[in-house]
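One structure below.
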Amino acid sequence: MQIKAIAALLILLSSLATVAEPPQRVVSVNLCSDQLLLMLADPQQVASVSYLSRDPDSSFVADQAAAFPLNHARAEEIIRLKPDLILVTPHTNPRLRTTLKKLGYPLHPLSLGHRFDDIVEDIRQLATRLGQGSRGESLIQQMQKRLQSEAEEPTHPPTAIFLQPRGYTSGSDTLQDEALRLAGWHNLAAQQGVEGYTPVPLEQVLHWQPGTIFTSAYTGSGDSLAERQLHHPALQRLLAKHPMVEIPYKYWICPGPMLADAVALLQQARVRERDR
Amino acid sequence: MSLLNGRALSLSRGQRPILKDVDMTLQPGEMLGLIGPNGAGKSTLLRILAGVIEPDAGELTLDGQGVESLPHQARARRIAYLPQLSEIAWPMSVERIIELGRTPHLEPWQSVGDEDREIIDRVTRQTDLLAFRDRAFNTLSGGEQARVLLARALVTEPDILLADEPVSALDPAHQLDVMNLLRQHCENGHSVIVVLHDLSLAAHYCHRLQLLHQGSTLAEGSAEAVLNEKNLADAYDIALTKTNGKVLKPTSLPWRRLHKDD
Amino acid sequence: MIAAVRQHRLMLSLGGAIVITALLSLTIGSQPLPLMQALQESFGEKAGVYSLILTELRIPRTLIALLAGASLGLCGAVMQSLLRNPLASPGLVGSASGAALGAVITLYFGFAGLFAYALPLGGMAGALLATLTVYLLAGRDGGTLTLILAGVAVNAFALALVSLLLNLAPSPYAVQEIALWMLGSLANVSRNELWILLPGTILGWLLIWRQGRPLDLLTLGEETASSMGADLPNLRRRLFLAVALAVGSAISVTGAIGFIGLVVPHLLRPLVGYQPSRLLIPSAMGGALLLMLADMGVRLLPVQGEIKVGVVTSLIGAPFFLWLILHHRGRDV
């Protein structure tokens, strides 16, 4: 009985291995795929991650990334790593992509869509490909739980926009728009027909009269006209009662599980705003 | 006491001396002719007298006082300088350019007044420029331009007018006109120092001549005394022509103005 | 007498055009602004969004365009008269690119945070240094060709340094601001920038005040001018400083805006009888007018974001300038 069971298990395992043997030398060339890879794969599956993954200002996996060789998305580096899977994104240089494909390396594309469902789908597909399906499902469940924990939907969502240095705002089909919606905010920029990341004149922002302005300046170091624009006196007067809320930039670089944390930050801001 | 007095004026450019210990003096009402071959230092001496360049050594006095102690504008009211080459940067009208000659008499906030206007009108008439008043400077002939620049210097009504070859671009008739104007300036009690290449004109119009050669004064005094055969040979390397055994003196002017000659 | 009347008429027309343009400039933007309502709000108890846009955005922007344009036009006229060269202008003799370089060094490398006027001081120092370099390279009596060559060299060097420094700057946004410094922009300026601009501008203008007479005399050549009472070394020092102050202040707020200092004095010179002293104030007015118009053009063009105002001044300026060259070809001007 016991032997039978073990034998059956062995047969099952070996058959699984032949159907889809999990890759053992995965290379990621982009911060977004780096983060998903390090969250989902076993460490021994990872051959290399991109150099940006170690930057603590941008990466959520900076500590883990320290253990792996880095690459700069150059074909020569990647070939030398002898990968059995390469993760590519829509941002990957098309020439690099064609070269790798021509040389016969298996590629796994991530969609990096901005909707929550796109993120779930990316995680699920990558986890399956890595042979880490259950780890992927638990990550997805964590995200969903995090979203529901504070999700009492307001009947009248308060208005907000994102305003970045140089006057960039986030319209429809952006991570910020999705996060605002999930956190119970009303994104005025999307409502006014702004699509994607677009610079808007300051006058426009004043006309919109957003209740709250979120910003995610890239770093605090150095000075620039772009950053000075956020201190424009007109904006200061608009913000006199509702100070600008800073959400760290690293939440918005990549669509991924960190979106749930960003939503949580936005929800907290909404609760603070309500309790004023 | 002399009006303008220069003593031991010297100037070098690098190693090359241009003026060596030149003395000069000018009396009120006098017309002094500076003559000499090219490169003798005439223009340099005139520019030093005008205050445009400073001598390396020597002293220059006006009414017995050092010229350098005079403020720029006060000096400009008393000494006017008419350089040999005058490019005008912008095509201003003749009237505007002549008007500029009154600048030394105006305070920074003043503009040209009625009295100034009278002087300008008179000089414009004297220099035969009435018809050209509204013309742009650059549309005039060389001779007309020279007269405009002279008019500009004359409206300053300076005690001393320094003119560097004022007639070189002019036809004979206008040469005489200009020389007559300079002489008239002297007759009004002012003084003139004029650089001339035409020895006949110099001899005829100037009260006194100073002959420069290689940066030094070779001779100085009346035309008769200066323009002798030895000086002309030394300075210019020329000899006087003899006709029928008689020497043609440069003091005899071979032509005169038909209408305006007085 | 007739000339004086003509001069008054010219200044009145320019003044009228400036007032009308300034008012129009207040009403033009991404959204139409009901001016009366905005004014009522501004003077009323409760400040609304219209008054906010009017007082914090459009009035500072219009005033900065007016002041910076006036400085560029005025300094163009001053440089051309001083150097007796119709091509001398803040853009050509290096003042503008030098000012941009100075401003970039102060802004992006942390000096601007030290005290409020570090930025315009950087611009002034850069303008002065670049202009003096061109002046020394070209020589006092350098011809047009030498001046242009020296100007081209110094401009190229300064703008290359601007590019390099913006790439090296600690702020990740710096690189994207290269175009702004090279072409100039008035987008989103505030009253802070107005205060930064003002002192150097006024000081510069005051230094130029009453220097028209010696500039007139310079028309006759340096030696004649000096014999007529102009203190040329003093005049040169004073006017170089004035241009550095005014242009340095303007450029450190707006970036290097081209062509105004070159074209405006050129266009107006025949209208004032070519006399330098009569050219100064009209050039300032013309510069103010041109920059305000160009800035309105920038706001009206249907492009996403805003194009740089220098693009428009050059688009207006360059054809005018070509026309001028063709017009004067064959004449000795």
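Letters are used for the chains, namely A, B and C, taken in the order the chains are written, and counting of residues starts over at 1 for each.
In this text, a contact is a pair of C-beta atoms (placed from the backbone, for glycine too) under 8 Å apart; a residue touches a chain by one contact, two chains touch by 3 or more.
It should be emphasised that the depicted structure is a prediction, and the values quoted were computed from it without experimental measurement.
Asks: Classify the chain contact graph as line, ring, star, complete or other.
Replies: Graph shape, chains as nodes and touching pairs as edges: a line.
Asks: Which chain would you call central, comparing Cα centres to the global Cα centre?
Replies: Chain nearest the centroid of all protein C-alpha atoms: C.
Asks: Tell me which chain's centre, taken as the mean of its C-alpha atoms, is farthest from chain B.
Replies: A
Asks: Roughly how many whole angstrom separate the Cα centroids of chain A and chain B?
Replies: Each chain's C-alpha centroid was found; their separation is 87 Å.
Asks: Centroid of chain B to centroid of chain C, CA atoms only: how many Å?
Replies: That gives a centre separation of 44 Å.
Asks: Touching at least two other chains at once: which residues of chain B meet that condition?
Replies: Residues: none.
Asks: Hey, which residues of chain C end up touching chain A in the complex?
Replies: 29-31, 47, 49, 52-53, 56-58, 107-108, 110, 112-113, 169-174, 176-177, 180, 187-188, 190-192, 304-306
Asks: Given the complex with chain C, which residues does chain B contribute to the contact?
Replies: 47, 50-52, 72-73, 75-77, 79-83, 85-93, 96-97, 100-101, 103-104, 106, 108-109, 136, 138, 149, 152, 156
Asks: Report the residues of chain A in contact with chain C in the complex, numbered from low to high.
Replies: For this pair, the touching residues of chain A are 165-167, 198-204, 206-207, 209, 218-219, 221-227, 229, 232-234, 237-238.
Asks: Could you please specify the touching residues of chain C with respect to chain B in the complex?
Replies: 3, 81, 84, 210, 213, 216-221, 223-224, 226-231, 269, 273-276, 332-333
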